[in-house]
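Okay, so subunit A shows up in both of these, paired with subunit B first and subunit C after.
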Partner chain A sequence: MVEAVKRALGKISVEHIKLELLGTAYNSSSTFLGRLDPRMLLIWYLFFAITPWFVYNRTILLGMFIFMVVTTVLSKVSPYIVFILCLGLVSQIGWMFLLSLFFGGGAESLLPMLTLTLKLSVISLASITVFSSLDPERLSDGLSALGVPDAFAFSLSYGYRILPTLLEEFHQILLSFRLRGQRPAKHGFLYLRTAAYYLRILVLVFYPLMLNTAKRSRTTVEALETRGYTYAVNNPKVKKLRLSYLAMQRRDWLFVAFSAVYISLLFPLGASFPNLLY
Partner chain B sequence: MDKPLLELSNVSFTYPGAEQPVLQEVSFTLQQGDFVAVIGSNGSGKSTLCKCFNGLIPHYYTGDFEGELKLLGESAEGKRVSELSRHIGYVYQDFENQLVRPTVLDDVCFTPLNYGLADYRERGQRALELTGLSGLSREFIWQLSGGQKHLLALAGALAMDPDILVIDEPVAQLDPQHARQIYEILRRLNEHHGKTIVVIEHHAEFIAEYCRSVVLMDGGRLRWQKPVREALTSVEELLALGIYPPDVTRAAWLLQPDRQAAGNYPLSCEEGRAWFGRRTAAVNAADPANAWSFAAASSDGAPAVPTGAAARAATEAAVNLSAAEPIVRMEQIRLSYRTIHKTLQPVLSGVNLELYAGERVALIGNNGAGKSSLMKLIAGITVPTGGTVQVKDITVNGLPPERLSDIVSYVFQNPEDMFIDDSVRGEIAYYLKARKLADMDARVEEMLQAFRLQELAERDARLLSGGQQRRVSLAIGAAVRPAVMLLDEPTANLDISTKQEMTRVLEALRGHVETVVIATHDMALVAEWASRIIVMSEGRIIADGDKEAIFSDGQLLRRAGLAETQLMEMSRLLNLPQICSSLKEFTAAAGGRKGELVHGGSR
Partner chain C sequence: MSTLKTRYTLTQSQKMMIFVLSMSLYGLSNMFTELIPSVQLGPIELSVEYFAFIPLTLCMLFHPLYAAVGAAVGEVIFGELMLGQFGGLGELEKFITFSLAMYIAGRMVSDPKNRRQVGIAAISGVAIHQFCSSVIDIAKVWVGVEELEAVQGLAESIVIIEGVGFLNDVLFSGILFALLPTMYLVPRLYGKIEPLLGMKPRERNMQYASGSKSWLSPKLLGGAVLLALIAMGAELLSESGWSIGEFELPGAESHEGLLIWISMLAAAVVAAAVIAVVLRKASRRRQEAGQLDG
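Moving on, here comes the complex of A and B:
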């Protein structure tokens, strides 16, 4: 067990996480969903994030779930993300099931939980679909077009721009701690000592990181000034120009139409066969 | 031409709470089409001056501002930074922080888009073409090299088609060939596109070659503004302020320090050839018996002959080394990185290397040749894709870096990445404290003294100047008393006088460390310090030898993307019997006195 964890941890490096994160964030324009209009996608997402809460018909939920699985496959999500999602869902069900067994429940208590899981899965898959199909730029522009304040939209996209830099610096500082620190000589019971050592460093790294970032952001703020950022914020014309590339195209309409037809068929189907699943 | 583009009259600026103003009654005019270098020692107000141009001072930095700024004949009073910035592009020294968008094209279009210019895409494309980045327009910022990022920052400024470009230390982080590339672009912008350019620059050789006039700042005052020749030949005055004119100019000054000669001092190697040629002829004519003939040496055909004693010493050293056990041994090392496109990018391919005690190794090559990667392998920070690394008979591959940290210490290129405590003393003590060493306090004191940090001991290292930070990072590394110390670009981002000091600081490492390895493209440092030079190019070692062997092969350096120092080039042009690495050697050799020449050669 300990060996397996060690091997798994050995494969996770800061470099690896960085690539995976950025890959998920930016490698989306190649997929079908990635080419859709961000405003449309955001509204589409809003629908699938909210309606499942109010639907108790398992057939409808199942229909939505299938739809979401298809869109998730279409958006070519990184397997890591899907894995983490499954882990979350399974553990959620798992501990609730354990709890129900403890209070004298049986296998039959699984079924109502399955309904909740279906809802959560639909919502989670919708989030994954949309947010991995929208790179931060399009997300930021989409939000901005839907009326979210510009400063927020810009910081979102800037946050992603600076993320690799921060990760790199985090890595370097972590290395400094490790190169000059002393790992416990013995791993201790269940590797607890070693784990405590690493956790402590992980926390400590944030202090120098924050100080360095504060120093760096001075130039950034100044540069934004010289690059006309404040001018843009105070000029609605600039926003219009920046967002002028957003346009609903044929494929956007097709996607909306398909979703609408699918959902509108799903509801009567669910009403006539409410117990299709169980 | 008649109307000045920008005019400062009697500008003074004081930060709130400061006693001394950072600018004192500065008057300055910038003519259309000029190419100005602003020089001065650290803290003399160079950046402050440039930040007045676009109104960052006084709008962004608050303080007491007096005087007047006129841009294009209009008073700038009441105008915002963003209005003035339409005409002035500014490239920062830490240019990476001014890139705020994720992709190259997005970033270069950012400024024109912010000003609501409908043709922002065309402007961006044009700016990318001017800087030679067109092929990279879809790349992400973090995938670019340092040089490319700098070009992008420049392109971002150019996209607005500004009248004035201000560039703070354009070449501080670049290898010599990329540095030249930047200046060639600036020259083209100046000559063909009519841009007026202001650079803050420490490298006198670039100023001599590319700039038209020079502004000297001293203690917040503008001392003078002169044409470049007049400015750089004021050797004595500049040296007094810690500014170093080009090496040829200094050599000429050392040989002929009278004021009348100053106007004729050479500024470039070409001029130097003529100047030293004339001088030798004069010396020969005056005293033929004592003269040393360049012609004779060139007919020998082999300029770099070590003198007998030196050759013997070298052989002896070689014998000693081959008998000893290597401290570092690398066999068939391969290394590749995964990229965002899930492909493997080879960094090192088939490297074999042995390092011995007592060596001062310089690892040279251009940006991206694999120098840092090689050192990280030795420190156990990265794991090789293939091959083995051994340090002191410990196989490094895959060991956690903590295990090696007693034997190898790695000093990062960016000192800030090493600062993990809140005082200089704490930084140095961190390693010793973690190991609960008994002689901790004594060792810390020793290091503080060796690197002249006693007065700074309680300060936060992050707030020190570049040179001081570098000394702290070296002290941190040396406190470990490692067998091998690896330094990544120790002179990057330092001004010239601090660079000169580095050679002395490196001497302080002796006695604490067995082997020192420096990755650098600073050839002056290599020439003065190294005992063994390893040349890398595209992930391979293409040459390995002592100074004479490496420097006498001019082709080799060019192939590795490096440039000779002026003294090396001059030694070759004048057919001196050896390639000189210090001014002392050079003036002795080129000055035409035989006695000193022999002395210099056996050193």
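Moving on, here comes the complex of A and C:
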């Protein structure tokens, strides 16, 4: 236990976290799914995020799951994310199972929960596939074409732009706090003192950071307004011009057609073999 | 002059400033809290759930609506999309409960210098958010697992897991990362941060210029609660409806499927109608704005 905490604390250096964050945020690759039309992908995702909740047929769910695994492989999701997803699913279901054993359930309580796991994994794989293969610009354009408020699309691009600056500033303030402060002499029981010291600094850093960010957000908005942002957002013609490059191409239609055929074959199959899995 | 009640009004760009400020700050903090490891003590997890003090502070100092929505957007963008773990529709529920809780907490404070008021508002904001999300999590399992009653102890265990999680989040991270920092920050930032955005500090007992125009009016809130209740009722009804269908047409697998599809179709039609109405309203508003400008 102590070793684990020690190792975890050893890993936390702001420089390390910064690198990791920037690596994940800006690591967008061009995949097959990433080149598809974002509006179509988002609607495709909506279908796979909602339908599984209403399907209790395990064969259909298994078929959807296989399809999702294929698309996930196609979109080259990083194994780290898949690992986190699996861990979350297993631990959530595992705790429920253990507690239901405690309340007098048996091994038979595992089966309905397996169905739930199948549903949850279809849904999460669909979201990972779509949102990790779309780069931020296409994602925000697709969302705004589907009628999501433009403030969201703006925030998305702004977030990608401002993150390195914010991290740099955060790091500098943190360093100055550490220069002026004093680390606890002993680590304390389970490194509690050190952890408390760092968490306290982490909170205190936000006081100057809030003031700095307030100044920066004023500059940002003023710059936006000089370029006519509010007018552009409220004018449908500007939006049409901006989104005019989105078009359904042959590969989009092929993808839609394949998904539709697959799903429509899956339902009769599931109805005739409902207990294919267990 | 004195008979007029002064209202807290903001220009469009000031609203945008609050939104951007809240989004970037809370987004940044969210990236860190996603990475801070949690200490597991059996099923009880001591974790830094989120730095709720940032949106709470901003909601109390500025107009709570824009600060709350900005923080929720920041969480989605920095903490989910950029780290590649966006949950899609599941985030919608988080978004709504979080911004609602922060908004309520901000509205509870009428005097940012009153520490007791700030503290009560901070802890109740966290409690509202955690309560809503626990209830939603429980409901999710109840909808997702078909034969819930058939499984011994499943229902109880879910309620216990969620209850423990709720207590942990309110008592541990609620006090350490919402109550104490907010009580420290709000009186300190009051009067300092507002001039940086080019606005006057909120004065005591100042009213918000929300009225019927704002989208988060009491009428709408009531409507949302009513709709949620209807949705839950529909869910229960559909459960019983399926068994009726089975009773009338025994062993007819396809009819069950048909009923599911009919209910889904109805849901889709209702959703489409709502979206269409909202879109039309928005486009009309936009056209009016466009005509106004040029």
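The working rule: the second predicted complex is superposed on the first by the 247 of 278 C-alpha atoms of A that agree within 3 Å, B and C clash if a C-alpha of one lies under 4 Å from a C-alpha of the other, contacts with A are read in each partner's own complex, and residues count from 1 in each chain.
The rule is simple: contacts are C-beta pairs under 8 Å (C-beta built on N, C-alpha and C of every residue); 3 or more make two chains touch, one makes a residue touch a chain.
The model shown is predicted, which means the values in this text are computed figures rather than measured ones.
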item	value
Combined model on subunit A: subunit C and subunit B, fit or clash	fit
Which superposed partner A:Tyr56 touches (first subunit B, second subunit C, both, neither)	second
Which of subunit B and subunit C A:Ser127 touches, first, second, both or neither	second
Partner chain(s) touched by A:Pro208 [first = subunit B, second = subunit C, both, neither]	first
Which partner reaches more residues of subunit A (counting touched residues only), subunit B or subunit C	C
Subunit B versus subunit C as contact partner of A:Tyr160, first or second or both or neither	both
Touched partner set for A:Leu116, first subunit B, second subunit C, both or neither	second
Partner chain(s) touched by A:Ile43 [first = subunit B, second = subunit C, both, neither]	neither
Touching partner for A:Ser176 - first (subunit B), second (subunit C), both, neither	first
Which superposed partner A:Leu265 touches (first subunit B, second subunit C, both, neither)	neither
Subunit B versus subunit C as contact partner of A:Pro136, first or second or both or neither	both
Lowest C-alpha to C-alpha distance for subunit C against subunit B (Å)	8
Contacts on subunit A seen with subunit B and repeated with subunit C across the two complexes	136, 158, 160, 211, 215-217, 220, 222, 224-225, 230-231, 235, 237
Residues of subunit B defined as touching subunit A within the complex	54, 56, 60, 80-83, 85-86, 88, 90, 92, 94, 96-102, 106, 110-111, 113-116, 118, 120, 140-142, 156, 337-340, 342, 379, 381, 400-402, 405, 409-410, 412, 414, 416-420, 430-431, 434-435, 462, 476, 480
Subunit C partner contacts - residues on subunit A that touch it in the complex	5, 8, 12, 17, 20-21, 24-25, 45-46, 49-51, 53-56, 77-78, 81, 84, 95-96, 99-106, 108-109, 112-113, 115-116, 119-120, 123-124, 126-128, 130-132, 136, 139, 147, 151-152, 155-156, 158-160, 162-163, 166-167, 170, 199, 202-203, 206-207, 209-211, 213-218, 220-222, 224-225, 230-231, 234-237, 267, 271, 274
Residue numbers on subunit A that touch subunit B, as the complex places them	15-16, 19, 22-23, 26-27, 136-137, 157-158, 160-161, 164-165, 169, 172-173, 175-183, 204-205, 208, 211-212, 215-217, 219-220, 222-232, 235, 237-238, 241-242
Subunit A-facing residues of subunit C, complex	12-13, 16-17, 19-21, 23-25, 27-29, 31-32, 35-37, 39, 43, 48, 51, 53-54, 57-58, 73-74, 77-78, 81-90, 141, 143-148, 150-154, 156-158, 160-161, 176-177, 181, 185, 188-189, 192-193, 196-198, 253-254, 257, 260, 263-264, 275, 278-279, 282-283, 286-287, 289-290, 293
